[in-house]
Every structure is written in structure tokens, then in C-alpha cells.
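Listed below are the structures to be examined.
Both complexes shown next keep chain A, but they swap its partner, so chain B is in the first and chain C is in the second.
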Partner chain A sequence: MQASRARLFKEYKDVQREKVADPDIQLVCDDANIFKWTALIKGPSETPYEGGVFQLAFAVPEQYPLQPPNVRFLTKIFHPNVHFKSGEICLDILKNAWSPAWTLQSVCRAIIALMAHPEPDSPLNCDSGNLLRSGDVRGFHSMARMYTRLAAMPKKG
Partner chain B sequence: MENDKKPNNVVDDEMEKWDINLSIDVGEEWSNYRDDEVMQQHNAIQAVEAGKLPYVGDKEPLSALAAEYQSGSPVLLEKIKVLGQNYAAIRRTRGDGNCFFRCFMFSYLEHIMESQDKTEVDRIKENVEQCKKTLQGLGYADFTFEDFFTLFLDQVNDVLQGNETSISHDELVSRSRDQSVSDYVVMFFRFVTSGEIRRRSEFFEPFIMGLSNTTVEKFCKASVEPMGEESDHVHITALSDTLGVPIRVMYLDRSSSDSGTVSINHHDFIPAISDPPVATNSDSVSVVEPFITLLYRPGHYDILYPK
Partner chain C sequence: MQKVFAISINCVSKMEQMQSIEININIGVELLRGNLNIEVFETVGLENHIDYEDEGQSLHEEHQRSRLNELLDMRNSENSSLAPLNIEELNLKSREVDLLVHELTYLHYNFKDQYSNEEYNAAQEKIISAKVNPDFRVKTIPYVLSPSTDEESETCAICLDEIKNGKNIGSLQCGHEYHINCIKRWLRVKDLCPKCKRQCLPF
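Showing the complex of A and B:
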């Protein structure tokens, strides 16, 4: 408990320093609870998520950093490796490939990389995975784009 | 701007027609979060395993090992007999994928405790300092690894007697069974092993390609740094090299030699002197006798005690 708190505090200070370095990620710690964080990440360019801003929720366990944080999307996203309803993310570093060498910040980077490079063979969103697996890239893009516009972009007008 | 706006409005209008629910349900959905269940189940299995054997077991006579194979392979029983000529006892470790590192941790700290070898402690501290620089050079942020380094160095200091923080052998055993110490030290070893492999990636690359057909970087991320990933020759070589600690591994398997005589294969991991001190008359290649001996049975390591 003490160890995880100390580590999170170091990450908090590092995030303050890195803010400028990584304009695509805005990681914020809950004022009252250092085990709760949220992040805003920018959809990577040249993907259907471009122009969108996606919110992530982090729940950090007491055994952190020996155990990975729980991370999920709060913003609706159409992606093969994100559960459409719960926002749960299928990413190896959040499961068995986790190590303390990762940080909340680098987890955000890994999620941005996952957005750009979906893994349709281990889908949490089967509709999305099936579109890609059947080679319907266009269908996938238009669905993903539609949800980006609906959920991840400010409404205009 | 104008072009951008239009499709959005179209989408918004469509949206209203369909009445799609865009909010992620935080409440109910979160509670049937499937990965949580997987993690819970995983933790439950670990708890059952923990009940069977702590991270590091008690020292047992070698006969306890033979007892395991009473109704088993005669080759193995013969080999255990041969093993008994030179080894007196075994200390088991839990088979949780960290057994090699856990064996190394206990064996090394116990050796320092018994030998009170301050020269060795000073030597390893220098190596640890070097490991830190290696990780920094590879781009690891200090805060990701420093807690693990500190905890390892604390243990090394604490097994030396005569300090305020000095610990007894019983305390060493109980710390090795305490996750908050034991797992942190294991993680320290994983960091320095990974650092060494990546620092000498050209050397390790062919071995890694042979093992898993992947890049050095991916291998370290997937098979060295995460807890619970089993160790192979690559890990042992890298750890032995980077800390400068020789390790002997005795192989207890069913293989038998053609000659009919039963013998036990072993391999000594002797640290490569990668940065030889400048201009020493190093032609006196001293025979290094490892003070750490592990027993390998396919998929698992335990600690062996010589007679």
C-alpha cells in the first residue's frame, strides 16, 4: 500500500514534467484519491479516431506496480479490442505482460498505439473484429469514424 | 471548416433518429467486468498454491527428494543417489514462474549471511550501480526501477551482521516468504536481467531467436520483465553476467548416458568479464567455484546445499 502510494506520487510528479512532452495525453489524478486517475488521449492521425478525444478511467490496485492498473474507455469507441459496452480493453500489457517498467503514462501511449494498430484476432468487439477479419476495411473505418464523431468530438452548431 | 461541419450535423441528426445510447454504462457493466473475474480466479489459484508451499520452503534432507520418486522412474532415483554423494539438502521454491529468481535471491543472501563476505558485498554493489546506469542508458525512468533496487540493496546490507538493521536467518526466511519483499527483489532481478540482455543484444539475439523467434526488445518486454515468466538459459546467463555471480545448475532429468553409468549433467554459468580491468596480468584464469547451486527439473528450479 505504502509502496504503491509512493510510486504513484513519483508518477504524478513525472506527469507534471511530461505534460509538454506529450501533447496527445492528458493524465489527471483524482484530487482525493491517488489510486483513481483519468486520462484524455487524442485519437491517432490517419486512423478513424483522428480528431477525437477519448477519456480513459484508471483504477490502480494496492499491489501496483507489481500488478497492472485497471483501465477502460469511458468514451464510446468502435475498436476490435475494446468492449463496446464496458469500455474494457484487451491489451497484453494490462494483463499477463504487465511489468513495473510500464507507467500510467506509457500505458496511455500503448493504448494510442492499439488504436492505430487493432488486433482483430483477439476481439472484444466481435462486430468490429469481423469487419476487419473479413477484409471490409472500409466498413470498419466508417463505423469507427461514425462513433468517433458521435462520441469523441465536440458537437458543433 | 464548413465542410467539416456538415457531415457531423448529418450524423447528429441520424443519431437522434436512432436514439443510440452513447454513454458507457458505468454501474452494472463494470460489475460484470470479465477481466476482473479472470484476475480473481487467478488470485484464488495463487492462494491455493500459496497454501501448498511458500515462495521459499524449509531446508529438507535430500531424502525428501528421493521420496517424491519412490514409485517413479528408476533413472531418477539412481541420479538422486549420485546427487547425494555431493549434496546434503534441498530447499524448494514455489512453482510460480519466478522460481529461478527466488532461488537466486535466497541462495545469494544466505551465502552473504553465512560468509559475511564484505568484499563480495562491495563488489556486487558496484555491479548494481552499473546496472542502474545500463537501465538509464536504455531510457528507463528512474522511478520505474529505483524502489526495487533499493529493496535489494537493503536486503544485502541487512544480512551483514553488526548493524542496527541486521537480521537473523529466521528473518531472512520470513522476508523471502513476504510478498512485499520477495516479489520486489525478484522484480529487481528481472530489471537487471532485462537491462543486461538489451545492453548486449547482439550477443543474446541468436539465443533469443532460437527460443522464441522474436526481437530482443520484445523478448525482454514479454518474457523477462513481467512477473511469473519462467527463466531460461538466456535469463540465467544475463543475471550471472550482470551481477558477476557464478551459478551452478544440476540437471535432474530422465536422460541417461550411453555408457550405462549414471551421472548428472551440470552447467556452470560463469560471469563473462565484459569490461576487463585495464592492464592486469589476467593470464591467471582462476577456476571459479559457484557458491549458488540450483537443482533443475524440467520447468522448475530449487536450491541445493552441498555437503
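Showing the complex of A and C:
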């Protein structure tokens, strides 16, 4: 418990000091609870998520960093490895490949990398996975693009 | 049943020795609960074990041996069905005496009242045979936590605090360094180096 707080506080200070500044990631700690964080990440360029801003919710366990944080998308995203309803993310480093050397910030970077490089073979979003697996890249892109416009971009007007 | 290799870590100070005992206690608890099957107690690293002041060393050894004698007497009188063991026959290195004393003492004080006699005796025998049975000594675990000689200060990837020169640093075989306490906590979860994911234990 104490170790996780101390470590999160370190991460908090590093974020404040912009020691780990990344223009694509804005990581914010809940005012009242250091175990709750949210992040805004920019959709990577040359992907259907480009131009979108996606919100992630972190729930950090007391065993952190011995156990990974629980992360999910709050913003709707059409991606083979993200559950379309719950926002749950299928990413090995958040499960069995977790290592305490990851930080909340670097987890965000890993999620951005996942957005750019979907893994259609372990889909949480079957529709999206099937489109990619059947080779319908255009179909996948247009769906993903549509949801990026709908959910992750500021409304016009 | 989960297989476990009990690790005893080279200790660089008394404090760290206490922490390594703590690991053994946790293993002891699991053992008593029947969750673990202890296969190997590591006995490498004898040369690195705690250095007391010259005089203190022999006093310490003497004390530990008499303590082990008491513990074995207790065992021999409690388990009349077992062949009695005595410290001379066991022919233990001083490091092994240390470990046996610690583990049996902790077992005795912490668990004797909470478990049935059969469970307690079984755990006791497991600990003893792990220490004295040559078959258990065959395998050694090629990972060592040792004081660092590196002058540079950097960050421990586990707690993100600075690693300062000194004796609280543990480096793994791959060369990556962490605070000893930090890496011990992680290695209880997984036997991989947090940075390079190289395996630190052979299973």
C-alpha cells in the first residue's frame, strides 16, 4: 500500500515536472485519489484515429507496480483489441507480460502503439477483428474513422 | 500443486538477512497451507554470507549451532517415530545452520499453534530435509543479489527512486540494478528482470 502510493507520487511529480513530457499524452491524477488517473491520448497519425483525442481511465491496484493498472478506454473506439462497449483493452503488458518497469505514462505510449498496430488475432471487438482478418482494410478503416469522428473529435459548429 | 524454489539470498547486512527470512516465512505459510511443494533450497553464495566482526563471527556460529541443537532436540522428542538427528551428523556449513535455525524458529513461533501437529511436523521435516539432503542441493539458482560496485546513481525502475551507491542495491545476472527490497518484492511475483525480461531463476 505504502509502496504503491510512494511510487504513484513519484509518477505524479514526474508528470508535473514534465520530466516525461510527451505531446501526445496528457496524464491527470484524480484530486482526491492517487489510485485513479485519467489520460487523454492523441490518435496516432496515418491511422483512422488521427485527429481524435481518446480518454483512458486508470484504476491502479494497491499492489502496483507489482501488478498492472487496470486501463480502459472511456472514449468509444473501433479497434480489434478494445472491447467496444466496456473499453477494455487486450494488451499483453497489461496482463501477463506486465513488468514494474512500466509507468502510467509508458503504458499510454504502449496503448498508442497498439492503436497504430492492431492485433486482429486476439480480438475483443470481433467485428473489427473480422474485418481486418478477412483483409477488408478499407472496411475497417472507414468504420474506425467514423467512430473517431463521432466520439473522439470535437463537434463542429 | 505449485512448485516453488525457496530462495535464500546473499545477505549484505543483518537487515537484509531479516528480509530474506521474511521471504522464507511466506514460503513457510504456503507450505503449511499445502499450496507449495518445496523442491530446492538454494545453498549457493556461502562465501558471501553475513560478515560479522571476526570475533563476532565465531560467537555467532557457536550460538547458532547451540540453537540448532535445541531445535533438533525438540524435533527428536516431538517426533518419536523419526530417526533422531543431531547436528554433528548433519555436517552443515555455517550458512546452512543459519538458515535452518531461522526457518525452524519461525516455524515454531509463528505456526506451531495454528496448525495440527501433523502439518507442523511435516513442514519441519521438509525444511530439514531440504537443508540436509544432498539431493536437494544439486540444483543451484544462478541468481545473486549482491552489493553493487557501480558508482553511478540511477533510478530504480520499480520504485522510481534514485539508486545511490551503497549496499541496498541488488543487481541481477543480466546486470540490471534495483533496490534489494524492490527487486525482492517483484521476484516473488515473477522471476523475470523488470527491465530486460530475462529469467533470473531456471524454471
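In the analysis below, the second predicted complex is superposed on the first by the 155 of 157 C-alpha atoms of A that agree within 3 Å, B and C clash if a C-alpha of one lies under 4 Å from a C-alpha of the other, contacts with A are read in each partner's own complex, and residues count from 1 in each chain.
Criterion: contacts are C-beta pairs under 8 Å (C-beta built on N, C-alpha and C of every residue); 3 or more make two chains touch, one makes a residue touch a chain.
The structure presented is a predicted model; accordingly, all values stated were derived computationally and were not measured.
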item	value
Superposition on chain A - do chain B and chain C clash or fit	clash
First (chain B), second (chain C), both or neither touched by A:Gln16	neither
Which of chain B and chain C A:Arg7 touches, first, second, both or neither	both
First, second, both or neither for A:Leu66, with chain B first and chain C second	both
Touched partner set for A:Lys95, first chain B, second chain C, both or neither	first
Shared contact residues on chain A - chain B and chain C	3, 6-7, 10-11, 14, 65-66, 97, 99-101, 103
Residue ranges of chain A in contact with chain C within the complex	3, 6-7, 10-11, 14, 65-67, 97, 99-101, 103
Complex interface listing, chain C residues touching chain A	157-161, 182, 185-186, 189-190, 192, 194-195, 197
Parts of chain A lying in touch with chain B, wherever the complex brings them together	3, 6-7, 10-11, 14, 65-66, 70, 72-76, 85-88, 92, 95-103, 146-147, 149-151, 153, 155-157
Residues of chain B defined as touching chain A within the complex	5, 7-9, 11-12, 15, 20, 22-26, 29-30, 32-36, 140-141, 143-145, 147-148, 180, 183-184, 187, 190-191, 194, 221-222, 225-228
